[in-house]
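So, here's a batch of structures to check.
Here come two complexes built around chain A, the first alongside chain B, the second alongside chain C.
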Partner chain A sequence: MSAGDPQGKSLVPRWTPYAFMAPVFFYLLFLDFIPLLNELYLSFTSTSLLTPANHIWVGLDNYRELFRNADFLHSIWITAIYTIACVVFAIGIGLIAALLLDAPFRGRAVARVLVTLPWAAPPVAVALIFTWIYNAQYGVFNYVQKLMGFDAFENWLDTPNRALIAILIATIWQIFPFSSVVILAALQGVPRELRESAAIDGAGPWAIFKAVVWPTILPTVMILALFVTIWSLRRFDLIWLLTQGGPIGATNTLVIDLYRRAFVYRDLGAGASVGMIGLSIALAVTMVHYRLSRRFGAAGA
Partner chain B sequence: MKLFPRRSTLAAIALAAAGLLPSGAPIALAQGKTTITFAGVTFTEAGRGDRLRSWVDKYNKSQDKIEVQTIGLPFATFANTMFTQMGGGGGPDIIRFDTIDFYAAVPAGRVLPFDDYIKDSDYKFSAPNDYLKVNGKRYGVAFEISNYVMMYNPALLKDGKVPATFDELLAIAKSASGGGNFGYAYRATMAERNGFWQDLCNFVFGFGGRWGDGTNLTLNSPKVIEGVAAYKRMYDSGAIPRGADAATYRRMFWEGKVAIEIDNGGVAGIFNQQAPNLQFLAAPSPFPTRAQGLILAPLTVNANTKNKDAAFAFVKWALQPENQKDLQDILGASSVATVVPRSADDLAKKPWLKIYDDQTPNAVPQLVAGFEVRTPELQQIIIEQVLKVLQGGMDPKKAMDEAQELAVAKMKK
Partner chain C sequence: MTALPTPLRISAVVLLLALAGFPFYWMFVTSLTPSSDLFASTPNFLPKWGEAGVYREAFEKIPVATWLLNSLIVAGGTTFLSLAIALFPAYALSRFKFTGKGVIGLSLFATQMLPEAMLVVPLYALFGQLKILNTLTALILANTAFTVPVVVWILKGAIDGVPEEIEEAARIDGCSQAGLVWCIVLPLIAPTLAAAAVIAFFHGWNEYVFAQTLVSSESLRTASVGLAGFVGELSTPIHTVMSIAMIYTVPAIIFYLFVQKYVVSGMTAGGVKG
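Here is the complex of A and B:
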């Protein structure tokens, strides 16, 4: 029943909900929806960054051009590898860290803070740190390899078959703490009684994890996977600062490709078409996520 | 009760509208001065930036009608920021561009022609200023002209021998390496794409190669291939700090850990200011020809400016002989739009100045002749192919043949 005066007339004007919704509506309309429509339109045009008001309608030419271009197809492949590796390792390492931090031990509070630090570091600082870590002459990375008896490698960021691994190490180092903190929060929601009764029934740690812990934290892990996937698809700063997509396209993800086309080659039309393909991939991932969530939800019920 | 009284609502709308005004709109100060803006990368540089701002302040103190405000932006984002603002109808009134961006801005109508305000016959412009004319019209004057020559730390050269050929450079660089020192330094990473391009141009131009002949691309001409092969020989020599960025190896140079590098006059000026006790010298780059790259940074006026007269008044002031001399002194071994002789005292204290000045007739812009506007796309292709030579061991001829094929196909689009 809504609030009202004794005569049954509402004290809250009818337009109040609209007034509350208006800021969000206009925010989404002007800062998301209209720019997105504009980008969609741009992707069907030939438009220079220098003369953005002059569009030449080219239909599907930008898209045709992209799918005929081996370098662009390679960038989709690199994006897929990068994204999958980020999701698997950031969540995997985050889960292990969360399980360790969930167990009681002396100095646990300090350990939790230390694990969170990389997430708090700005990407520019992380890029600078890793540039020095990988430096062939002075970097810790090569120094440790030499200590371990390996031949020191070249600067990994400059080596085509190692640059992506180097970028992944830097990325995962920065993002796994977020997974860890989120999973740790979910672990707090696992009922202690369930764990204890499973243990009384003779279940070992692995069996308890599989039967009690995992099903409880799975919805959180799935949401986390969606976030990490979308963030990885659109991660720009760290990759651009470390390699600019090189060497020889080894770390050229979709977002780097978009930036290069739009701002280095100054071709807004081609850049927009890469953006629309990236957006389609992100939408597809989101749809798959919700389908899977529904299926798991139904199975759980 | 009205939640939002009409008067305050209108005031809020007016304030919001003021915030949405285009950035190019004229700003009138309380004192009745017209304020114009001047953007450049150089205002962010250590040492030179503050001195350049003082140079602009000198203009401001001499004026009661116009005030110039400086805007410093980092090199990596400068051109994109400018073009994005200009594309939106705004941007600073005066812009110090790099040549590559100047050649993109002119055909797009983003900068104003100078002909109504600046007559060539009134000034003693140096030869590189001719590169700033497009179809016979002048669209800028040089703010900074910086040549490339070889700089060396004499203390690190065994027997004090200065290389005069590329083979000597290679041998001397190797002999100067070891014990934490390196014989030579240059850029060869994608993370420093623009710097890599500048260093590569020096090798290719030095061996007599050019990326284009004005009509056709010549990426696989024998002289270009010789330059690329030389770049590879240096890469494999063990004499370079691989992976070190320019900021790092330049610091190593002034700390006496790098023996030789080929760098521009702006860098020589920075070394002189940052490390006044450093006893470095310069010599022509040791290649078969004297041709080397050229940094030509033009002063341009934004076509969106609402203060055309004020902007050109500043450009005219900048071209006056005493202000050109002050500017040249700030810029180190670089020179300015007009010919300004160095003082005998300066030449005695900084013997490397003359080597830089003498290089001017052999300086070539780091552009692809005939394809200036599309140089960024060609640069990407060339650098990726050269990386295949450096890191993938690809034969230089094969790599540059592929580069030519890819570039020709790209230019047809």
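Here is the complex of A and C:
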């Protein structure tokens, strides 16, 4: 009997749920929504970080300028590449790791814990160690490249067409463990009997994966994909510390662009506009995801 | 993956562990390599235990202890506040039907889309008015805005799993609704509560953007900001920087090792299953 059921109504006063929701309501209001509205307002103004109280209403000017700016349009493209690569590789590697760690072997419990460690590492420490690993002259990454016979003496973080890959390696290293933990949990829900009877019927591992394992974990993978997408769209610390969006804008994602405009060029209005555009993209992606997961939910699992 | 031959499977696991562990190992080895050897053409792949004094030096030369204490206060405060704020709303979302429930649930999810870099400006203005800029309280409040939705969601998942019959008996005995959450539900979801606590703690411990922008006093620097100050700076030897990075990373890792069992089960019980 739920407290909201007709039978339970007499036991719980109508205001109880609202009283229970109060703390989170006030929190959302003051620390998320009022700031968000403030940000929306700023995006229609010309406001300097140096005199944040002086707003000059400029309407859609900030947005118009952004969409005429090739560097900004390029940053949308970079954000897309960064996000898609994070989703594909973090979940792909996470899935392989989860499948490996799902099968029984000695020391499995320890291996499961060790694989998840990067997830617990502070991003600033991750940025520092990867900066050192990528160092042009003394970095171990460079050393391995030389051993493999490639031209060395190049810092990937300083090379426009490699910086994004270098950042992706660091990001994916840090987030794939989360995917593997979540997928590993979903794998516990795969019915053992189904797997075994498929094996007895002569189905190969790939056939079993496609017919039994994948449909079971698909809903989890879909939610995971949404989370990794949203986290990648708003990722700041690792990218800022590794490249600050450089070299020549090669890693300038929307959030880096936002921060750069607001805090380096001190243009709060333009920064807020970038933020609103980024938020719109996140909302659009979420809606597409919602449609997709409903379709998959009906047809698939 | 049981289908793969055992040697191949074991090598794959070993490779996986090496990839996950190498940056940690490298941080450690670098911290123990004297500056003169860091710039050799062949990297030094083994730790030089005789150089362990660099850890003591880091504490003597650099205010690492203050940074860690600040991080601990911020992470602890964020954890406590997040759990305190989230418990009753999580219960309400799990057990009650009420007008506006959908909107609040959706709003909680939507906060996950807001980049910290975007909220920093309005929060700066808000905290300025409240006269709490440049305090650790500001950081705790700002971090909690990010952790509360996650914690609510995880706790709701756990409360969904608690059979309502258990509550009925207590209700009949005259226990109040709030008392019920506190005395009956809370102990039953303790493992998940631990998981949520860890997630909130890590967020507070690792956070960088707010700590960098909302606080300016050197004495209130967190470890993430203190360490970030070494990025691209040449005057501090790299092995000192890596030793501080180790000192900052190890407590998080140890803490995680103790509680990872709950984190994993908490996430499974919680929102991730949808």
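Just so it is clear, the second predicted complex is superposed on the first by the 284 of 301 C-alpha atoms of A that agree within 3 Å, B and C clash if a C-alpha of one lies under 4 Å from a C-alpha of the other, contacts with A are read in each partner's own complex, and residues count from 1 in each chain.
Convention: a residue touches a chain if its C-beta (ideal position, glycine included) is under 8 Å from a C-beta of that chain, and two chains touch if they have at least 3 such contacts.
Since this is a predicted model, take the numbers as computed values, not measurements.
Contacts of A:T116 after superposition on the shared chain: chain C is touched, whereas chain B is not.
By the touch criterion defined above, A:P35 reaches chain C but does not reach chain B.
Applying the stated contact rule after C-alpha superposition, one finds that A:H74 touches neither chain B nor chain C.
In the superposition on chain A, contact is made by A:L241 with both chain B and chain C. Contact with both chain B and chain C is seen for A:P52 once the two complexes are overlaid on the shared chain.
Using the contact criterion defined above for the overlaid structures, shared-chain residue A:V12 touches chain C, although it does not reach chain B.
Residue contacts after overlaying the shared chain place A:H289 against neither chain B nor chain C. Which of chain B and chain C touches more residues of chain A is settled by the count: it is C.
In the superposition on chain A, A:N155 makes contact with chain B only, not with chain C. Residues 52, 131, 137, 241, 263 of chain A touch chain B in one complex and chain C in the other. Chain C contributes residues 1-4, 6, 9-10, 12-13, 16-17, 19-21, 23-24, 26-27, 30, 38-40, 42-43, 84-86, 88-89, 91-93, 95-98, 101, 104, 107-108, 110-126, 141-142, 144-145, 148, 152, 164, 168, 171, 177, 202, 205-206, 208-209, 213, 223-224, 227-228, 230-231, 238, 241-242, 245, 248-249, 252-253, 255-257, 260, 263-264, 267-268, 271-274 to its touches with chain A in the complex.
Within the complex formed with chain B, the chain A residues making contact are 48-53, 65, 131, 134-137, 154-155, 157-160, 241-249, 260, 263-266.
Contacts from chain A toward chain C in the complex involve residues 1-4, 11-12, 16-21, 23-25, 27-28, 30-36, 38-39, 42, 52, 97, 99-105, 111, 113-118, 120-133, 137-138, 140, 143, 173, 177, 181-182, 184-186, 188, 204-205, 219-220, 223-224, 227, 230, 233-234, 236-237, 241, 255, 258-259, 262-263, 268, 271-272, 275, 278-279, 282-283, 286. Of all the residues in chain B, the ones that touch chain A in their complex are 80, 83-84, 86-88, 104-105, 108-110, 188-191, 193, 241-245, 376-377, 380, 384, 387-388, 391-392, 413.
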